[in-house]
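Listed after this line are the structures, all set down as structure tokens.
Common to both upcoming complexes is chain A, partnered first by chain B, then by chain C.
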Partner chain A sequence: MRDLFYDLVRRNGMAVAIYLMLAVSLWVFVLIILPQLTMLDYSFRLNLPPGKIGGPEDIYTIDQYRYFFQGSGSSGGLNTLDISILFKTLLSAVFVTVFDLIICYPVAFILAKSSTGAKARLLVLALIVPYWINEILRAFAFRILFGSTGVINEVGMGLGLFESPVDFIREDVALYAGLAYAYILLMIFPLYNAIESLDRNQIEAAQDMGASWWQVHSKVVIPYAKPGIASGMTMVFMLTSGALAAPQILGGPSNLWFTQLVYQWFNSGGNWPRGSAYAMILLVVCIALVLLTMRIFKVSIGEIKR
Partner chain B sequence: MTKEISLEHVWVEFGEFTAVQKANLNIAGGEFFSFLGPSGCGKTTLLRCISGFQEPTRGVVKIGGKDMKGVGPNKRPTALIFQNLALFPLRTVADNISFPLEVRGVDKKTRRKRADELLELIALPGQGDKKVSELSGGQKQRVAIARALAVEPDILLLDEPLSALDLKLRQHMRTELRSIQKQVGLTFIYITHDQGEALTMSDRIAVMNKGKIEQIGDGKSIYDHPTTSFVASFVGENNVLDATVLTNDGKMMEIDAGLGTPFKVESHPAGGPALIPGDACQLFIRPEALKITKDENSINQFDSQFVSEEFEGNMRHIVLDAQGKKIKLSLINDGANAIGPNAPVKLGFAPELGIALKPGELASA
Partner chain C sequence: MKIKSPTSMVPGIYLTLFFAYLFGPLIIMVITAFNSSNFPRVSPWECFTTDWFGKLVADDKLIEGLGNSLLIGFGVVVVAIPIGLAAAIMLSQVGPKLRASLYTIFIAPILVPGVVIGLSTLIFWDRVGTFFDAPYESFFYDGTFLTIFGQVTFIAAYSMLVFLSRIQRFDNTLTEAALDMGATPTQAFVKVLLPFMAPAIGSATVLAFLASLENYNTTVFTIVSSSTFTTVLSSKVRYGLDPSISAVAVIIISITLIGAIIYECRNRYHSKGWGMIIAERPVLKYATHPGSVAAILGLLAIGAVLFIQNYDSSACTAQILEDKRALQQKLMEQQQLETPKQSSPAPTTPTLGPLGNDATSTAPSSPFGGNAGSIFSPENLSGSSNATPAAPSTAPSSGGGGIFAPENLTGNGSD
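== the complex of A and B ==
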């Protein structure tokens, strides 16, 4: 920390260094640490009317967490509804992440290795432009696209693929598509960066030594791009499991995303401590899952920074 | 088994730009063949045609008599060593060397055994578990060679593999490469822009300029009997004098270089169109072919004045001026005293050491 500061002073002068340090500290503290700490504090409290806050009943408790596991019943039964929603959310997020990876890897590879500078920049721009549109608008666009009178149903029926309109919303197809699309750039760019720095000669050397197309990727490109893959997957997974807009707009009526539960507790439920506890549970479970996966695939956090 | 390679009228064009034109040559099995030429002359492109990364626009590449059109690099009996080696940084030395076996589905134990054998060959025994980044430049070089040899290719293609090494190591690796080639008996096709490398290692050399092969021959014939002005000026040092042909009887010719009495030099009909009286020509005389002479009557002599001297220990490189033309002279240091400033010097050379060629493009220094 001190070395960093002196380094900044040497390079940019005292004023800039102090500004940078203050800005970064403020950013980290006010925007990241403070809200999370507040949430953590909330999650261990009871939901009390304003008058009783600070009173004798305002004590620390794990009630809110217990509710997630056991529900309101004091009989010790499991809160299967909420737990299954969490699992379904995680599973769906994993699915969306893997789906994005499968789509993005070829795109990133072609961008990084087969196109020349100017062409690649144009392609990247073409990828970014749709993201200038608001996330909620994009979700609604998907809703229209997948709706019973949407383009996809019209075309599908026109071609005779199916007889009556398919309810893509109820089947969650629209949701998966929307989520996969929402964070796809966060997968492409880390992959692109990682593959881009791979020396082209390594690919040719592998080919020259008899590697097939598949072996070139599995033995040379993917191991090299592993940190990029990990960082892309982490981001997509975290954001997907924490997404709210897309599930609200595109989710089927019978399926809830875990964030929707959190939202309900904060909003209509009016139970902020419980909402906080649910949010904390989601955060911890997601981080644990990411760390575990990284462990299994032998990627260290240090590598991801690259 | 060693296989012959032949290029028949190979052209490579990138859009408007012609990178290789009409390459025609045969490389015998077991030969150490070099392509020598300045940067950008198309050496790598030609090598990529042989290894299969580049399809010629026109012409045929044959290996062992078989047309290679449509045969991918992973299906050819060639192994390419890249200009930057292209070792896999995430793999250990042994895993690098056995990569070609791995992709062929050879089991782990056999792979390791083969890697150890090859490490023995390249004089790095027991270093298989090191990371590539822990090796020195010369060691990486040798690992790249071992990796290329792992599946016993018929032809090893080397693209300036020594250019990244420092001078000492480069000289050491030259000897080493040559001895590995002798040991394994493979065809080596070697690319370089360093004439010292080409001359010391090769059985034969093809000198290239701007996509064209100018001359093919062994080191001695390239150096002693260049057939084009480019080769004469690119390989080794040379003095160039513009001259006019006076007579040519097929064996000897007389030429006037504007330095007093006309010179007599051997004609080299092998090198393209013969020069006829009245033709303009370029006369090439190597700095070491010139001698200081005292004899007034010896042939091929002319007057010059001392300008400067560069002392290199075993050799003395002297610059002289002959009627406004700069002449370089190399003498073995035999302990003689330095020539005084502006002293007149009479120079001469033997008829067989003067090369008269049709005027052509010279290599830029």
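== the complex of A and C ==
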């Protein structure tokens, strides 16, 4: 760290070097690392009233984690409700991520390889504009769309596809559509950046040598764009599994998202240590899943960028 | 490749479908903001109305939340931009190995779920506050400060990425040249590197502000007892769907579109091809100047606001209520016909009953303005089914006093 500082002083002068070091250390330590450590510490404590904090009862315990696995009964039964919510959340997040990849890949490819100049710029702008609209409002739009008197139901019934209104909210269709919608941009841009730098000649060479449309993509474009695919998928997966607004608005009444459990323990439950433990579980499981997937597909985390 | 064959149309069709998915929900939401129905929907279409905007302006909580949001957004920009800039510069100056590990740390806040960031920020500052024995009113427990800290954690990373993509194009020989000509390293930084970064500072500021304004996941934890625009909006959505939320969307979408159009015009105006076209045509040059485009859009926006303030849909909404009432009455009469024996003891109620409803529900917003009450003057009581069409011709213009005249109360009793 001292070497780093001296190097910065040599390059930028004392005043600037102090600014750089101060700004970055404040960010990394005060805003990123210390809060996470405090939360980790908190998750190993009991939920005590303020007066007892620091007293003899304030000891380290794995009670909060045990609750996640076993529930309130200490007889060894599994807390199937919370565990199944975690699995459902992860599974749904994977589903949303894959769905986003499938619908975004062609768009990114068309943008990167078939359109140029003003047209491409306009398309990119058209992609960004919906992203500037508030997350809550985007979820609300899907609520209107999929409601029992919504456009989808009206059209479906008008065409005779179904006789009575389908409860898309309860079936979680609205939630998946809304979540996939919310993070489309985070999938398209990494893909676009990766595919754009691919030399067009490579595609043409493959075509000249008789590669079919499918082979061009599976043998040339996709292997080349792998870092972009990985970073897009990572971001969409992490944000989807950590989403709170869309599940609160679009989620069915009986289906909870794991973040809603965290929220409940924190707000209505008033149990901060347990909320912290649940948040830690979510964080660790998500990171583990992402790292595992990256290991399988041989991509390093340093390649992730927006 | 260039021949127009059916397969060459596939990309176009796909893009159309994709953008339909992207814009369809937004367009439908915008339409619902102008339907007078109490529930946000497109069909059945009742009346074109702008009343939902009025309801919005009267919503004190939302306005208060907006004020807090703007304050927080400003705070986030002030803190996050210097941090992001410092991080990007540091990354550009260190060796590849340190760079990789620093990059991983810097990028982490983007990947950590917002819920976790919000939670950890709240707990951390609560602990710090307890440690210093700070009073409950101190800033350790203040929603605005906590939200700024929580949001800066990841928004600084966003702005770092913006700066990073700019700094990659920086030519280091420029700094070296400045140093060779006798500038101190600090001077070189302030006079060479900072001006080069200026455009990125602009775009990072806009990005940071927007990200702060729309954030929910982190804010909902750190805001404590205060509120922001987004949290107010979310509680509105969760406690009942109401077209005034669509009206919020209309306003935000309009602002976004205006911004996007001006941005695109500016780009096009400064592009080379366009510069050649307008060089010889001064009228076109002024017409396509981003400033004049902004002025036109601004005028349009003012026009829209004036229109929204002055548009009066009460006539139509009253008509709709009238229609609903008529339908209801028809249904009642039908029911009466199907079961004639049961209703025979009280033959007068079917004709007078609905009229009583009418007096309380539609009269205040009747299309006939101040004379509304006189529709129900005694003469009209005889034939209730055609009361409304007959009103203009039969009712004397004697003001609205007649509604609660004793004659009208007999027999309907719905007041």
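Some observations on this one:
Convention: the second predicted complex is superposed on the first by the 281 of 306 C-alpha atoms of A that agree within 3 Å, B and C clash if a C-alpha of one lies under 4 Å from a C-alpha of the other, contacts with A are read in each partner's own complex, and residues count from 1 in each chain.
Please note the rule applied: a residue touches a chain if its C-beta (ideal position, glycine included) is under 8 Å from a C-beta of that chain, and two chains touch if they have at least 3 such contacts.
Quick caveat, the model's predicted, so the values are computed rather than measured.
With both complexes brought onto chain A, simultaneous placement of chain B and chain C is permitted, the two fitting side by side without a clash. With both structures placed on the common chain, the touch criterion links A:P165 to neither chain B nor chain C.
Shared-chain residue A:Q36: touches chain C; no touch with chain B. In the superposition on chain A, A:A243 contacts chain C only, with no contact to chain B. Of the two partner chains placed by superposition, A:G156 touches none, neither chain B nor chain C. The superposition places the C-alpha centres of chain B and chain C at an angle of 100 degrees about the C-alpha centre of chain A, rounded in steps of 10. Of the two partner chains placed by the overlay, only chain C lies in contact with A:I144; chain B stays clear of it. Of the two partner chains placed around the shared chain by superposition, chain B is the only one that A:Y224 touches, whereas chain C remains out of contact.
When chain A is checked against chain B and against chain C, the one touching more of its residues turns out to be C. Contacts of A:G269 after superposition on the shared chain: neither chain B nor chain C is touched.
Distance between chain B and chain C in the overlay is 6 Å (nearest C-alpha pair, rounded to whole angstrom). On the chain A side of its complex with chain C, the touching residues are 4, 7-8, 10-16, 19-20, 23-24, 26-28, 31-32, 34-36, 38-39, 42, 53, 103, 106-107, 110, 114, 118, 121-123, 125-130, 132-145, 147, 149-151, 154, 181, 184, 234-235, 238-239, 241-245, 248-249, 259, 262-263, 266, 272, 275-276, 279, 282-283, 286-287, 290, 301-302, 304-306. Within the complex, the chain C residues that touch chain A are 11, 14-15, 18-19, 21-26, 28-29, 32, 39-43, 82-83, 85-87, 89-90, 93-94, 98, 100, 103-117, 119-121, 123-124, 127, 130, 149, 152-153, 156, 158, 161, 184-190, 210, 213-217, 220-221, 229-230, 233-234, 237-238, 241, 245-246, 248-249, 252-253, 256-257, 259-260, 263-264, 267-268, 271. Remark: chain A residues 199, 201-202, 204-212, 215, 219-220, 223-224 touch chain B in the complex. Across the complex, chain B meets chain A through its residues 51-53, 72-74, 78-80, 82-84, 86, 88, 90, 99-100, 102-104, 147-148, 150-151.
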